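You will see subunit A twice below: alongside subunit B first, and alongside subunit C after that.
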Partner chain A sequence: MRLRLERRDRPLRGGQVRAFVVGVLIAFAVGAVLLVLSGHNPFEVYQKMLDSSFGSWRGLSTTLTQAVPLGLAGLAVAVAGSMGLWNIGAEGQIVAGAIGAAWVARLGPDLAGPLLIPLMLIAAVAAGGVYALGPALARSRLGVNEIITTLMLNEVAIRIVRYLQNGPWKDPTANNFPVTPELPAQAALPDLFERSNIGLLIAAAVILGFGVYTARSAWGYELRVAGSSADAARYAGISLKAKIFTVLVLSGAIAGLAGGIELTGSSSRLVEGVGGGYGYAGIIVAALALMRPSGVAAVAVAFGAVQVGGLAIQTTGVPASIANTLQALILFGALAAGVFGNYRVVRTAAAAPAGATA
Partner chain B sequence: MNETTLIGLFVAVIEFGTLLYLAALGETIAEKSGVLNLGVEGMMAMGGVTAFWAGVETGNPWVGLLVAAVAGALVASVHGLVAVVLGGDQVVSGLALTILGLGLAAFLGEDLVQERARAKFGSLNLGPLNDIPWAGEILFDQTAVPWLALALGVATWFVFTRTRVGLILRAVGESAAAADSSGTSVVKTRMIAVMIGGALAGMSGAYLTLSLAPGWSEGTTAGRGWIALALVIFGAWKPGRVGLGALLFGGLLALEPRLQTFGVEISPILLSMLPYVLTVGVLVLLSVRSRNRPSVAPAAIGLAYRREER
Partner chain C sequence: MKRTSRMLLILLAVLAMMAAACGSDDEAEAGGSEGTEAPGGTEAPSEGGEGASDAKAAFIMVAPIGDAGWNFMHNEGRLGAEEATGVETAYVDSIPEGSAEFDNAVQQFIDDGYNIIITTSFNYMDATEQFATDNPDVVFEHISGFKMNDTNFGNTFGRMYQPRYIAGMAAAAASETNRIGYVAAFAIPEVIRGINAFTLGAQAVNPDIEVEVVWTSTWFDPGVEGNAAQALIDNGADVLTMHQDSTATGEVATEAGATFIGYHSDMSAQVDAYLTAPVWDFTPRYTEILSSAAAGNFTPESFWGGIADGIVDIAIPDGSPVAAEMKEVRESIINGEFDVFEGEIIAQDGSAITDADGNLVVDLQDSFGNDIGAVGDALNDGILLGMSFFVEGVIGSAEG
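Presenting the complex of A and B:
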């Protein structure tokens, strides 16, 4: 007897939600084993994670703040992903966005006054888009695989910040420490409630806006057609080259916005780690959400909670790296479980001769 | 610039080249079978932390290397299970493997950070060979690991081009359906290739924490796994060319901390961008060149294979 996967006539309804739940269960089960092995009580640890992320207004506001870059990075990946393109460069585009925003702040705080933050965010969007320009051109004009080009530029972006803080943008008052100067006070996003800021509203509006627009507009329809079949798109008169180019640049711009909000909302100065791994996590978020904006928002909040929980349990001696481990495990669990939404396991009597099953 | 600093540079070129080559060779094997594994950085970190742990426990670097290879293969098998057996997306699964490997390594290595390295690879003692000017110090005053990497590279080249196993591997990577109908198990072949790739990435991590920079700290892999990925493309999926690329990129890594000694007024940080920028450049060149001829990349790379859907 052998086991074989057979495609279901139609995918299970709600299969992805189910897969996500299974993924979470698997991840936390594996996590519990790791915690026990390292001498911690998993129930206590998970209780503390839950309390710190959802147990109070303060916790909830932190969770939602963490969800902002995750959601925007997830949306960036999802916009490209709905056309079958992989933007692995969100991490670098977030950094580029932060550089753009920091550059505006450097031009002089008195330059813009109340306009400073909007200008910084616009610069962030532009910088993120510009940073995606190269891979977008290479992919649309020459057919160069965007996965590796966008990935490589992540490492370059981090080093650009390293260069800036060691050289041209080094803070002269920081006792020769390689840091960029602190941002002016008026470059901080206004608070919303507890520990959240209006970046939350901006991100929610952008994600919602994209969700509605791609669902309703001809543009969104073309995107999905192009994503499902290049031939169908050509037949429908959609210019693939132009579409690929715009989508990748747009994806970079959204990630850039995440960088702008990160800088103005959560940091006091531009640092090398401004990307915070959000770009990579965003790929997991988008994949779990099946490239749908509504799903991106939901998964981003869940991942934000895991991250906040991970930071909170540090006080009890559990390394915060458990958070990233859990996120990756959720994805693996959900990827595996998701297969069973589209396939079912059937038994076959004996190994069929190759070719006979086709 | 005197002789000592120059010899020091060449020694470092080989050291960094070895680090990159082990991981890139593993990735080449996986990709040849049609599986892209973006988890190199994570597998390297897992190899590094387990090797260092085993080194501290046993005092023997070779045990560390072996443990790292096993750990790397095990971590890689998660990617194999999800992306090969179940046919999940290779890009997503591979990136998740990097996040998993880095996270898990940091978690497991929490208590190892203060630990002093008890096991380090020692230099080879080849008697008279060590006394040859220049070559003695550069080639033979190394540990055995660079030679091991070279041997593995030659072996991989031999298997790829001269054996039936290599033929099967390439067939699976070029056209899984064709390989399947000729009786090859696509899943088994790919799974083995991915796990060998993981083992080599793990060994690369071991070389890092037991020889190149003895010790363990979070983030010690510092993006070298991404360079290894880049090298595979740079070397056009050929073990020999990947090796030359490893020496070139290893050279850039070795030059980085030495630029000032050589009196070059360029920021070493700008130099450190070069491997990544070069790779993008090579990709663009390859695609311009390959417009009129077949691509050098394995044709089935990134594609899941399910028998019923061919």
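Presenting the complex of A and C:
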């Protein structure tokens, strides 16, 4: 007997919800075994995860703050993903956005905050978009695979920061350590509540706005048509080249905004690690949202909670390796659940030719 | 699409309800531990664990603690200090610099009642300063930076150049080609100071020794560092040392049949070619911070300790032909009779930096052109902290 996945004729209605809940529950169960084996009480650990991420205003605000870059990066990936494009370069575009914002702060260090911050964020959006220009042109004009180009540019962005902090932007007051100068104090995003700043509002507006727009507008519809069938799109008179170009640059610009908000919101100077891995996490967020911008916000908050909870349990003595495994298990459970909503497992006869089981 | 959002909303609602149910009693716990500072004015806790105080110390590290290197030594120091003071400690590692995650970790510790926070990577500095301002009842110590305040925020670093000098002696005695390779991270004063001290120590044993430097512009990149080490071997070095966080240089040395002088920690278990290493020991310093903070009499300072303070040291390899001399130098550094940068110092180009009395014969600037010393000045800490020149016998550029 062999098992194979067979696409369902239509996604299961209640089944998908069930699969999702079951997937996450299985992850928690496997995680519990892991915790017991490593000498921790799983109930205490899970309670700590929940408490730290949702159990208080401060916890909720931490989760939401974490969800901001996750959500924007997830949106960036999902916007491209909804027309079948893979932007693996959100990480580099986040860094590019942060560089753009830091550059404005260098040019106008004495500008008032209400003027400086919007300019920094606009520069971040522009820098993210510009950083995606190359892959966008190469993909739309020459058909160069955007996965490779966007991925490779991630490393380049980090090297640019390294160059800046060792060279032209080196801080003369940092005891000769290779770091960029501190940002002016008024470049910090104003606080909203507890640990959140107004970056949360900006991100929420962008993510929810895009969610509604892509779901309701003709533009969003064209995206999905182009994503599911290039031929159908051409037949409908949609200009694929222009669409691919616009969507990839837009995707980069959204990631750039994440970089701008990270820099003005939670960093005191531009450092190599400003991307924080959010660009890569954004791919998971987008995948969990089934590449639909409208699903990104909820997934980002849930993902943010898992990250905040995962960090919080480390402060109680759970090693980082176990905490990270737990996070991965939960994400894997959720991702796998998405598969079972669309596919079912069927048994095939042992005699079936190998080719049939692919 | 609607289905997706709905199922996530359901999940979130369930999570939120569970959180609300669990949240209440935990908050009560957290509330209880707030504001319970150790009573001030008690005598400094003796060694061996008082355990009566409410002090709890948390350590934030930038990379996994691993089994050698910078973060490993901080964890050793944490464990040592915990044993010596009885103060409960915890740590998180792999926390990136300049990220919200650092803020989350520190805030979580503070919310959990930790009242001593030690942050161990350079770029944690600004955020640590901000937390110190926002949390006057919590003691903060930042390692390897230079910021502090008057009440609850200090910084710590070590005079690694002292054991580096002694390491240079061992290296020179082990070299037959009179050429030592030095895989270095960044051309910053800390690293340049170490290279100069190492070279002066080597020349004290053998005046003909040359030390070739290759910059990697990395703190941890085994590939790049291994290539740099190989280049030094190819140029004739038969002893290698490094200022990095990986053991890549040691592995190349082993393969080439060369001798390896490590850094950070005893790497004899990891590297066959290992001879000795200038090492960190944060236990004494962390013990001091934990016990003073627990007793309520923490006083911030800019601590730059040497071998005498126990924060840096080097194991003297018994087999070395200069073991006796190394021991002697170590003793005279400890009792203050000898200073690594005393006496006449000649720059890489053969010009004099200081005269026989150790006073500058030229004006000195750091790499930004800021004046750090004028003719006649003694070679003080300010000059050491801005050191941007190589001494005679170093091959390579001090500009990176």
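What we mean here is this: the second predicted complex is superposed on the first by the 309 of 358 C-alpha atoms of A that agree within 3 Å, B and C clash if a C-alpha of one lies under 4 Å from a C-alpha of the other, contacts with A are read in each partner's own complex, and residues count from 1 in each chain.
Methods note: a residue touches a chain if its C-beta (ideal position, glycine included) is under 8 Å from a C-beta of that chain, and two chains touch if they have at least 3 such contacts.
Just so you know, these numbers come straight off a predicted model, no measurement behind them.
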Partner chain in contact with A:162 - subunit B first, subunit C second, else both or neither: both
First, second, both or neither for A:175, with subunit B first and subunit C second: second
First (subunit B), second (subunit C), both or neither touched by A:152: first
First (subunit B), second (subunit C), both or neither touched by A:283: first
Partner chain in contact with A:144 - subunit B first, subunit C second, else both or neither: first
Which superposed partner A:314 touches (first subunit B, second subunit C, both, neither): second
Which of subunit B and subunit C A:299 touches, first, second, both or neither: second
Touching partner for A:65 - first (subunit B), second (subunit C), both, neither: second
Subunit B versus subunit C as contact partner of A:88, first or second or both or neither: first
Shared subunit A surface residues [contacts with subunit B and with subunit C]: 162, 166, 277
Sites on subunit C touched by subunit A in the complex: 1, 3-12, 15-16, 18-20, 22-23, 26-27, 58, 64, 90, 92-94, 96-101, 103-105, 107-109, 111-112, 114, 122-123, 126-127, 130, 145-146, 186, 188-189, 217, 366-368, 370, 385-386, 388, 400
Partner subunit A, residues of subunit B touching it in the complex: 36, 38, 78, 81-82, 86-89, 91-93, 95-100, 102-104, 106-107, 110, 180-183, 218, 223, 226, 229-230, 233, 267, 269-270, 272-273, 276-277, 279-280, 283-284, 287-288, 306-310
Residue ranges of subunit A touching subunit B (in the complex, touch as defined): 5-7, 34, 38, 86, 88, 134, 138, 142-145, 147-149, 151-156, 158-160, 162-163, 166-167, 277, 280-281, 283-284, 287, 319, 321-329, 331-332, 335-336, 338-339, 354-355, 357-358
Subunit A to subunit C touching residues, read off their complex: 11, 13, 16-17, 20-21, 24, 47-48, 50-56, 58-59, 62, 65-66, 69, 162, 166, 170, 172, 174-179, 182, 195, 215, 262, 265-274, 276-277, 289-290, 292, 294-295, 298-299, 301-302, 305, 307-308, 311-312, 314-317, 320
